Amino acid sequence: MSRSAEHKAVIEGLIFVSGEEGIDKKQIADVLQITVASVEELLVELIQSYKSEERGMEIIEIAGSFQFVTKREHAAYYERLVSAPSHASLSQAALETLAIIAYKQPITRAEIEEVRGVKTEKPLQTLSTKGLITETGRAEGTGRAILYGTTKNFLEHFGLKSLQELPPLPEQVNDQSIEEEADLFFSKFQETME
Amino acid sequence: MKYSVKVDAFEGPLDLLLHLITSYEVDIYDIPVAAITEQYMNYIHTMQELKLDVASEYLVMAATLLAIKSKMLLPKQEVQDFDQQMEIEMDEDPREDLVRRLIEYRKFKQAAVGLKEKETARSMIFTREAMDLTYYESQEEDVNPVANVTIYDMLAAMQKIFTKKLEKAPRRTTIERQEIPIETRMKQIINDIRSSGRRKFSELFASSNREHLVVTFLAVLELMKTKDVTCEQENNFSEIFIYATKENEV
Amino acid sequence: MSRSAEHKAVIEGLIFVSGEEGIDKKQIADVLQITVASVEELLVELIQSYKSEERGMEIIEIAGSFQFVTKREHAAYYERLVSAPSHASLSQAALETLAIIAYKQPITRAEIEEVRGVKTEKPLQTLSTKGLITETGRAEGTGRAILYGTTKNFLEHFGLKSLQELPPLPEQVNDQSIEEEADLFFSKFQETME
């Protein structure tokens, strides 16, 4: 077996033994005593081989760690085996609160409530209990309110590589098009009035 | 006045307003305040008639809407200018702050939908626990058996178990919350119908209690199945009348 | 993808998610709704493909159950992984088990498994080997199951004077937060009042 083929096989094994906890590039590089760049190269090949072939698992990156997961299109089969859902879904209140925190962190409760227009104590508590958010510090000024931010668990719950992978907020892409739509609507409206 | 109550979870007054704006297909940047306020107030009144606690935030928003409405009714003081458009633009629109809040809220409501999609995708993939690697550890005597593990890692592990348990729990709770037995409600309904000859379907659903509504619906279905009642409806969407079929015991 | 190729892929995934408990032919046949004979055929192919290729894992059969294990010739790498200074010495499974024993001792294996929802034989063995837990007696009643408790070693390694020094448990998950999940319209309105 060539050197790099063996390394690739070991990377496969390392990702496998790490299970749902995953393993990052640095750890792999330390074990193989090769550079992170070499690990990256082999990882790309390995990930590709699981994608292209008729395989039951694939390698994904979540929160910087690589792990094996089953393929989405086979979900129905595994549901037959595992009775409980692997992830319970969050309530609408919790999801809205989490969205605000994810995009605006660090943020205080008062600021969240300002956006939602309702009290948000309970969703915050639920999200804390589930380990999706955490206190990240205290705001400056009077009161020194608690600042909230998302956790690594948050990335795991939503299967995100990092916070950068969050879809862009509608504002950044859409606000203009909404206004354009409105303008269009009005120009049409005026046309019909004339 | 005709209005319909949408039995759905609104996440607050902003959510309700967005719903009204969407269903009446009006422009969020040019809200017809009078019309939307009327719909909003109808909703609040319905909630109160159903004897639901209306959250204070809903009432605050009602007051805000009324204030905006009255400001917009105030006559403009400036002279009719040739370029009227200019004047209006320079004047502060009393709706401005509300529109800003609605747009800000809508942004995150959409972001929440995005998160929900990610969550669903994530729930369709399965994984496994990390393998136990104790076998590979060196057997030297003085090795710390809990290296890199603190008491707080243990606490976090405990918390994770609770979360897992919680995630499994909700499926059961809604079903277990049946406090009114269907049999009891069936008896009530049949007695009610017998005493009045017939009943409007809608009259059976006067209660504001969700569980009561569900039990009532199930009770009616059960009574239809046992042929104790029959239902008649003249036209699509018209009122449904329920008649008792037998005079003997239920 | 052909029918049998998809089935083979799902078998691979099933063995993967079954972890250290493994999965037998009958269970696989039930999930795929095919005959045990067909499963056997596909299994042979799958096992062969892992043997012949340069892979990090292989599939073995233990007491009728199939599971993935790492390849023996890569042992040196896993030794390096566990001896790395960053490597946590207890797996998540072992930590969970230890936590339950610490807070609920004396406790039987069946009770631990009830809380965790999975088999716990291996973590118990690991914790015993590491001297963190020990048998403290036998439960009353039929079977007289072994009761587990933590050791003096456990206290020493976590720097505790006594069990009383264990940090308090996170707030017990209560019905309140379950109701929040239940997403009832009316409770939502009330919630916003609080």
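For clarity, chains are labelled A, B and C in written order, and residue numbers in each chain start from 1.
FYI, a residue touches a chain if its C-beta (ideal position, glycine included) is under 8 Å from a C-beta of that chain, and two chains touch if they have at least 3 such contacts.
Computed from a predicted structure; not experimentally measured.
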Among the chains, which has its CA centre at the largest distance from subunit B's? C
Quick check on this structure: which chain has its C-alpha centroid closest to the centroid of all protein C-alpha atoms? A
Can you give the whole-Å distance between the Cα centres of subunit A and subunit C? 24
Rounded Å distance between subunit A and subunit B, as computed from the means of their C-alpha atoms: 26
Based only on mean CA positions, could you tell me how far subunit B sits from subunit C in angstrom? 37
Residues of subunit B that contact two or more other chains, please. 9, 11-12, 55, 57, 126-131, 133, 159-160, 162-163, 166, 168, 170
So which bits of subunit A are touching at least two other chains? 16-17, 19-21, 68, 70-71, 78, 82, 84, 88, 92-93, 118-119, 129
Could you pull out which subunit C residues touch subunit B in their complex? 13, 16-20, 70, 75, 78-79, 81-83, 85-96, 98-100, 102-103, 115-118, 122-123, 126, 129-132, 153, 157-160, 166-167, 169-170, 172-173, 175, 177-179, 181-186, 188-190, 192-193
In their complex, what parts of subunit C are in touch with subunit A? 1, 5-6, 8-14, 16-19, 23, 27, 30-32, 54-57, 68, 70-71, 74, 77-78, 80-81, 84, 86, 92, 117, 170-171, 173, 177, 180-181, 183, 188, 191-194
Can you list the subunit B residues touching subunit C in their complex? 7-12, 47, 52-58, 126-134, 136-138, 144-155, 157-166, 168-170, 173-174, 208-210
The subunit B residues in contact with subunit A across the complex are 9, 11-15, 27-30, 55, 57, 61, 101, 103-112, 114-116, 118-131, 133, 156, 159-160, 162-163, 166-168, 170
